[in-house]
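Dropping the structures in below, format is structure tokens.
Note that subunit A is present in both complexes that follow, paired respectively with subunit B and with subunit C.
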Partner chain A sequence: MHLFWILFSYEWRHFRAAKGLVLMCGLLLVSGLYGIYYGTTEIERQRQHLAALPELTRRNVAELKVKFPGPADAGDIGYYHTAFAVHHPDPWAALSLGLRDVNPSYVKLRLLGLQNQLYATDNTNPMKVLSGNFDLAFVLVYLFPMLIIALSFNLLSSEREEGILVLLLAQPVRPATVLAAKLAFRLTLVLALALLLSGVGMLWAGVPLDGRIGTWLALTVLYCLFWLAVALVVAALQRPSAVNAVALLGVWLLLVVLVPSLLNLGVAAARPVPQGIELTIRQREEIHAGWDRPKAQTMNRFFALYPQWRDTATIRERFVWRWYYAFQHLGDVAVAPQATAYAQGLQQRYNLVEQLNLLSPAINVQSSLNALAATDLPSHLAFQRSATRYHDSLRAFYYPFLFRKVEFTHADYAQEPTHTFTSHPELATTYRGLLKLLLSVAAVYALGALLLRVRSINPR
Partner chain B sequence: MIHSIAQKEFVSILRDRRFGVLSVLVLALLLAATLVGRASYRTLQQERVLAQSTVNEQFRNQPARHPHRVAHYGSFAFRPKSGLSLLDSGVDTFTGSAVYLEAHQQNSVNFSQAQQSGSLIRFGEMTVAFVLQLLVPLLIIFLCFGAFTQERETGTLKLLLSQGLTMRQVAWGKVRGYSQAVALVVAPALALAATLLFTGEEFASGADLAARLTLFVLGYAVYFFLFVVGSVVVSATQASSRAALIMLLGFWIVSGIILPKATANLGASLYPTITKAQMDADVHEQAQHGINGHDPHDKRAEALKASLLKKYGVDSEEKLPVSLAGVQMAAGEEYSAKVYQQHFAALNATYERQNRLSDWAGLLNPYQAIRPLSMGLAGSDFTHYVHFQQAAEAYRYGLVQRLNGLQASMGPGDKERRLDAHTWHELPVFSYQTPALAWALPHLLLPMGALLLWAGLLSWLGFRLIANTTVA
Partner chain C sequence: MTYLLEAKQLRKQYADKLALRGLNLQIAPGEVFCLLGQNGAGKSTTINLFLGFVQPTSGAAFVNGLEVATNSLQIKKHLAYIPENVMLYPHLTGLENLALFSRLAGFRYPESELLTYLTDAGLPPEAVRRRVDTYSKGMRQKVGIAIAVAKHAQVLLLDEPTSGLDPKASNEFSELLRRLSGQGTAVLMATHDIFRAKEVGTRVGIMREGELVDVRPTAALNAQELEQLYLTYMN
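== the complex of A and B ==
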């Protein structure tokens, strides 16, 4: 054991002497801190945007109060009034932004048909979303493997190439101890950096003290262990340093770049999603046909769904709001199967990726972190379902005014339902990811151990 | 003699088993990306063409309606894919494909592919451009990092120079040899892509496409040349193969992975984007109260009514030969469109400011020069997207104003009446033409200049550096 610590401390001296590697660690630390800064400011900005929305609603109401100074027809109010369904980020979102920049964090809703409002996007710079987010998860998933590769590509080869390995192994020391000390040193260094950054990130983002801290740290540690295991396997093949570097970079390229992009193609082909646009076109057809259909036909279809309003007065006017909102809603009802199929199709795509992410620990860790931070597709779909329920509650609020012909007074604005939704972490996904990662790590270490057993370390 | 060195490098690369494996891999990826790109191009294009013709048919076959109803019924504009986007899909995946065109407002372009997939899409897409921009340089690095260091390590460099050659000549020979090898890998895939482009019936194979493809190939040729020369220079100036390899790989990671993301994110932090909700509220505010805040909508409408009554010399709305509502609708649309235009221009200016950091980084980082050049030539960059957005808005405005004109000509009491179904047959439908290369070129001067500058500097400074290195 004493010997182990001597070797360990020599690795430390060696590392300190290698200016390039120290510089690289420093760069990684800076990148990590920038990632945390970027993630937290981005989420803070989203929070500010969401916090500004009630003010917009307030201005809208103030304008309506001027426009309709006395008691008004609720139909007018429903038409001109805008409300917002808001998707608040989880504090963890700052560390793993996921798709929070691609998908909007709020939806503007009026009492009109839902389906042509639900998919509106926010202003986003396409070049920026193409480049992606420089958050802590990116630094962990993309850049940490690079550091591990740089530290370990010459695990044994540099000593062999410099002729030191012969001298070293001539001492009364087992090759396994040498290798263990080298790996242990690198592991300590990498984990120190990873845990330091994670800790800083958690404090900076102000995450709640719950089990997710342990899960995040476990994912981080296991992911670092995975890449060290890959380095061990490559070292066990006992090839020259340059070959090792190429091989390790090849593995990185394969797992972090090629498998994800190929998987993306495969999943898109295997799970075709019905075009979202089709349902908005269909809904428009349905709604506008409402103007031309006999009013009694529209109302009877509506009353079949909402029998509680059946006993209301027969419509004889040329235009009346309750008829207008009835065919708006019938437009949504007509495309309800397509809307469900669309959301389910997206969810199935996501599920298939989750099943296949054993192929690449990088995808696994990225999607597990996003699930933990609740920033992936399922969170957005949950938000859309919540926004749909909110739209339902808005209709439920306005329908009595419309069908019972109750006048809408200034006091009624305050009674209107409001919406708030905070994403829930998909912990089941994260735990499955953790388990799969554990399997990957075990498999690669087993391979490394097997290789070392088959071919003992050759000092020359 | 340079020729023999080039020949020697070329032949020994071909005999290298590692090169064989790597180049077959890269070639396979290139071919696969080309085929996949074409397949997805076809699917998307067919979907969009079909959807566009469906909505056009629906628009023309409307029953008798009041024109303002038709303006609210509106239409959709679908963005067709540009021919070369099968090689480089650029920002297309992240921009929406369809925009709903209706009276009174300008809607966002919705339903991007990125919104229809999980976060897997953020790992990047397998396109020809991706292979050419990131993987081929990596192949070049692997080929060239030992160009000089290996000769030094085996002592053959001295022998070579004792033949009366200068370092500069040896370096040029090597650059030529390696370039030939790279061309051997890339050319078949590009030839396939060109064949697919020019034989596929769905591609409008014109002079414009040929010119774009030529520039595309030339741009990448310069880009690869940069990496070959750069790798040879690094190899000549570093003490060991290992040091050269580490340095080159470090450059690849910083330039291809870290810098593009960092500059894009920094740009977005420096120049915040206004939210759509805020922008819509501001537009509404200005349309209601006037752009300067002292010209309210009601007053404008009143003034318009008074001037119309005066113009036709009548004393009431009912006696006007035109529908007052129609004329007011047209004036309102003109005003609100102007307000919208100002806000959209400001938004696009914000995006451009955000992207500027990235654009100028092209001077420091060849990857950030080839990327905008490649997308720009493929017609899948931000500028082409804005062109589509503006074309859709121009069509929307024209259509709505024509409908408002129809309404005005119906005379007073138009709300009780409808226009005949055949009226809608005579209205134009949306059709979009990707702009010509000449339109796109001015936006691409910076990346082109940056690439050429790099090529010039590397050939001049780099070779001077090589000439001054020690032999041993």
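== the complex of A and C ==
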């Protein structure tokens, strides 16, 4: 143990002398801080948008009160009035944005058919979406392995190549102790950076003091340990530094780029999901066809779903709102199986990726962090289900006005249901990810230990 | 008699070459045994086997009565090693390198003592606090000598230790070896330098193709006779 600490303390000196590595650590620290800034700024921007929505609703109501100064037909109000289903971010979302950049944080809803509104989002810069998020999770999952590779590709090979290892191992010190001190120093350095950034990120994002802090840190520590284990395996093969560097970069490319890409292609082929646009077009066709269908046919189909309105007056006019909303409603009904299949297909893809992500700790950790931050697909699907229920409640609010022919007064605006939804973390997913990562780490360390046992360290 | 270094039927087969063919060797305390031979004769393999850097195919090497293969850590407390080309941590000073290797060997010296070891080994006082990457090969060799001496080992394994040293430093090194052997240190030195071997050795062994083909006490030969003997075997 004494020798371990001597070697460990000298590793610090060796590190300080390697200016390139010091610079790289500094750059990674700056990247991490930028990642935190990027994530918190993005979530703050979303929060500001969400905070502005009630004001938009108030203005909309004020305009409607001017447009309809007296009691009005609820059909007009339902058509012109805009409500919002809002998806509030969890504070952790700032550290792992997940799908919050591609999925909307709110949905603008009117009394019309739901499905096309559910998938209508604000325009976003496709180049920005393509480049992805530069949040703290990105820095930890994709950039930290690069630092570990830079620090560890020449674990023993540099001393061997420089001829120092013969003198070192001529002393009464086990090669395993030398290796352990080197790994421990690198682990300390990497973890100091990762935990510092995580701590700063948590404070900056204002995360609640709960068990998720420990889970995030455990994922971070295990992920760093995984990459150091990979470096150990490569070091145990005792190849030249250049070969080690290429091998480690190859592993990085494989686990961080190739496996995720292949997994994406494979899962898309194995779990085909109907395109959202097909669903939207089908619904639009159904609604547009509603104008031409006999009104009695439309209403009978509607009354089969809502028998409570069957006793309302037969429609003889050329246009009435309840008929209009009935065929809007039937548009949703017509695509309901597709909508369900679409959501289930996405969930099945997600489940399959979750099962297969043992193949790539990078995907596993990214998925686990997203689940912890409630920014993953299940969170978005839960929001969509919540928005659907909210739209149902809007219908339930307006239909009595429409079918009972009750006039909509200014006082009724205040009775309209409102919506709020905050994601809940998928902690079961995170814990499964943690367990899988632990298994990966144990497996790779076992391989490294086995290799070192089989191939004793040659100092020359 | 207790030998500090002993090889019993030591054999080393590499994938494509038989490097050592049943070496038998005993070196007593105070003896300076010089191994002469061409490149590839098996000198460095012998030293590597005593250091435990390679495992014998058969036979055994012993340091101070301990079998190297099963006591690889323990035996390193008894021996010091100076390679042909001493390489040190380039960003540390000579003083810091000596402090590091001494601490690994179990000695924590005050700075004044470290300075003494370095200057006794012939390193100029003004160089001890300079980074090693500014050193010449000879200066690094002197730090290597200081590291070996500071370890107070009973056994010294030397692989062309005077390589890169100027004649004055080489003579000082010979003097150091005589002093250490006088204190009971056993020395095994692989060298091409017949005259140095004659000068400091108590016995010389000539190796050829992995075999120790001849062993003579140096006192029984003059330099010319030793050279003639060596050339006879080499031819």
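Operating definition for what follows: the second predicted complex is superposed on the first by the 460 of 460 C-alpha atoms of A that agree within 3 Å, B and C clash if a C-alpha of one lies under 4 Å from a C-alpha of the other, contacts with A are read in each partner's own complex, and residues count from 1 in each chain.
Throughout what follows, a contact is a pair of C-beta atoms (placed from the backbone, for glycine too) under 8 Å apart; a residue touches a chain by one contact, two chains touch by 3 or more.
Please read these numbers as outputs of a predicted model, since none were measured by experiment.
> A:211 in the overlay: touching subunit B, subunit C, both, or neither? Say first, second, both or neither.
In the superposition, A:211 contacts neither subunit B nor subunit C.
> Quick one: classify A:245 as touching subunit B (first), subunit C (second), both or neither.
first
> Once the structures are superposed on A, label A:294 by its partner contacts, choosing first (subunit B), second (subunit C), both or neither.
Neither subunit B nor subunit C is touched by A:294.
> Once chain A of both complexes is superposed, is A:460 in touch with subunit B (first), subunit C (second), both, or neither?
A:460 sits against subunit C, while subunit B stays out of touch.
> Contacts for A:307 in the overlay, against subunit B (first) and subunit C (second): which applies, first, second, both or neither?
neither
> For A:69, is the partner it touches subunit B (first), subunit C (second), both, or none of the two (neither)?
neither
> Tell me which partner touches more residues of subunit A in the superposed arrangement, subunit B or subunit C.
Counting contacted residues of subunit A, the larger count belongs to B.
> Using the superposition on A, tell me which residues of subunit A are in contact with subunit B and, in the other complex, with subunit C.
In subunit A, nothing is touched by subunit B and also by subunit C.
> Please name which positions on subunit C make contact with subunit A in the complex.
48, 51, 53-55, 73-74, 76-77, 79-81, 83, 85-92, 96, 100-101, 103-106, 144, 147, 157
> Which positions of subunit B touch subunit A when the two form their complex?
For subunit B paired with subunit A, touching residues are 18, 29, 36, 40, 47, 51, 54-55, 58, 63, 65, 69, 72-74, 76, 78, 90-91, 93-98, 100, 107-112, 114-126, 130, 134-135, 138, 142, 145-146, 241-242, 245-246, 249-250, 253, 257-258, 260-265, 267-269, 272-281, 285, 288, 347, 350-351, 354-355, 358, 382, 385.
> For a test of understanding, state which residues of subunit A touch subunit C in their complex under the given definition.
Answer in residue numbers: 3, 6-7, 10, 13-14, 17, 162-164, 166-174, 456, 458-460.
> Help me check something: in the complex, which residues belonging to subunit A touch subunit B?
Touch list, subunit A to subunit B: 20, 24, 31, 34, 38, 41-42, 45, 49, 52-53, 56, 59-60, 63, 84, 98-99, 102-104, 106, 108, 116, 119-134, 138, 142-143, 146, 150, 154, 158, 241-242, 245-246, 249, 253, 256-258, 260-265, 267-268, 273, 275-278, 280-281, 284-285, 288, 291-292, 346, 349-350, 353, 362-363, 366-367, 370, 375-377.
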